[in-house]
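Can you read through this structure? Questions will come right after.
Chains here go by letter, A, B, C and D, matching the order in which they are written, and residues are numbered from 1 within each.
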Amino acid sequence: VHVYDRPVRFEEVDAAQIVFFPRFLSYCHEAMEGLFDAVGGYAHLVRIRKIGVPAVHVECDFKSPLRYGDVARIATTVEKLGRSSVTFRYAMTRAADGVDVATIGHVCVVSDLVALKGIPIPDDVRAALEKHRS
Amino acid sequence: VHVYDRPVRFEEVDAAQIVFFPRFLSYCHEAMEGLFDAVGGYAHLVRIRKIGVPAVHVECDFKSPLRYGDVARIATTVEKLGRSSVTFRYAMTRAADGVDVATIGHVCVVSDLVALKGIPIPDDVRAALEKHRS
Amino acid sequence: VHVYDRPVRFEEVDAAQIVFFPRFLSYCHEAMEGLFDAVGGYAHLVRIRKIGVPAVHVECDFKSPLRYGDVARIATTVEKLGRSSVTFRYAMTRAADGVDVATIGHVCVVSDLVALKGIPIPDDVRAALEKHRS
Amino acid sequence: VHVYDRPVRFEEVDAAQIVFFPRFLSYCHEAMEGLFDAVGGYAHLVRIRKIGVPAVHVECDFKSPLRYGDVARIATTVEKLGRSSVTFRYAMTRAADGVDVATIGHVCVVSDLVALKGIPIPDDVRAALEKHRS
């Protein structure tokens, strides 16, 4: 499991004064990017190797709101690894007190970003993801 | 059904040059806000009546990417209306050619934003939402 | 002068409940894009012709805040047109009552986006911008 | 001088594949928030004491673009401290090689966020800002 702490920023709340729910997915994407550090970073993967992981399915349960000043703690695991698909699971809690914030499932297809088509997961990427299997 | 056309903006793509998937949910939220025009607008609801619809569950299937210059067409329906919960469904297509982009389910709880607690859906709000029942 | 009305969105306020000031520049960028409609749209310019207008200088005076539910009215003029540089000026008011919100100056260099280098402003682009000279 | 390193995120580039210029101001705002750690954090100031620093003037010179994978290094100083106004100056470089990215001046008014009116800078806040005088 990979743990990432993400402070809520000043401009990430909405007019209801809580974090706008689509941003939870941005936080998860940031957490997920950390799993690719072992292969030179997600930026390297995307910009140099032209490989990325576009989402095909996302499922979220929201349990508690986050506010400016809170820190989201995101525990990421790889739930499934197929030939070209990966399923990430994120358990998000509030770092200060451990309160459940959200659980998110995120199915991606490892893709050639030029053709925008699925490819078999490269061996080094697969190895990096295997380390975080649940 | 309520139809909302939303052009993709210059800064809404990511380093893979396609719309960053959490933004699809922002587009849906904008579409949803339109349903409250019949009760004075969502801004009025949130700021004056202190009522909002925080998300408790979201489910998305992504089928085709969007790029800068595309227009997302979002057809919104109300799938379920409970005592305080509402389920919206969004069918997103690319306006230019009708290609399926995404389908999204979005369960909200009509809430008092001060206490951040569910409340029975007020009658006028219920009537506004009923008009878009699928 | 080119006038663009931009409603403030639910998620564009910050923890002080007013529009986060960098977003004023996003609003201006959207307004500016409208000036390129005469040459097929800014998206066409960027994606097909690989031409864009990166900023080199920006100056803003903020006079009144905007809140969710407000509409920003942006009057855009072209203040200067050089060989490859353009200076836009934006006067932003609150649409409901005409209150001054901000004035922004924005100097850009018309650029080849592949080399990221200034180029002489193409004739059709220059003609489109000339129409909005102050 | 207060130094803050801010990695460019996957979704912060635009359709020209460089960081969208208004985001530079978001990065600076994050850097600035760090100066308030000495008084319990900017979130505490905003949410508990209802004090914030809305911008009244901003000036930016952009010298080099940033891309996904780059890290913005932001050196923040307090250039002027008035009765209720503060002028911040940010020198932004690319962390990897020290290339100049941007310089930004940012004039704020320390304000009561309820009345949205300037107030004399509280002593503890003034002391915290004095430490970063240029």
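Note that contacts are C-beta pairs under 8 Å (C-beta built on N, C-alpha and C of every residue); 3 or more make two chains touch, one makes a residue touch a chain.
As the structure is a prediction and not an experimental result, all values here were calculated from the model.
Undergrad: Hey, which chain ends up farthest from chain C, C-alpha centres compared?
TA: A
Undergrad: What is the distance in Å between the mean C-alpha positions of chain A and chain C?
TA: 33
Undergrad: Rounded to a whole Å, what is the gap between the Cα centroids of chain A and chain D?
TA: The answer is 27 Å.
Undergrad: Centroid of chain C to centroid of chain D, CA atoms only: how many Å?
TA: 22
Undergrad: Taking each residue of chain A in turn, which ones touch at least two of the other chains?
TA: In chain A, 10-11, 15-17, 20, 22-23, 26, 29, 43, 46-47, 67-68 touch at least two other chains.
Undergrad: If each chain is a node and each touching pair an edge, is that a line, ring, star, complete or other?
TA: Chain contacts: complete, every pair touches.
Undergrad: Which of the residues in chain B come into contact with chain D in the complex?
TA: Counting only chain B, the residues touching chain D are 10-11, 13-17, 20, 22-23, 67-68.
Undergrad: Please name which positions on chain D make contact with chain A in the complex.
TA: That would be residues 9-11, 26, 29-30, 33, 41-44, 46-47, 67-69 of chain D.
Undergrad: Which chain C residues qualify as touching chain D in the complex?
TA: It comes out as residues 15-18, 20-26, 29, 43, 46-47, 52, 54-63, 65, 113, 116.
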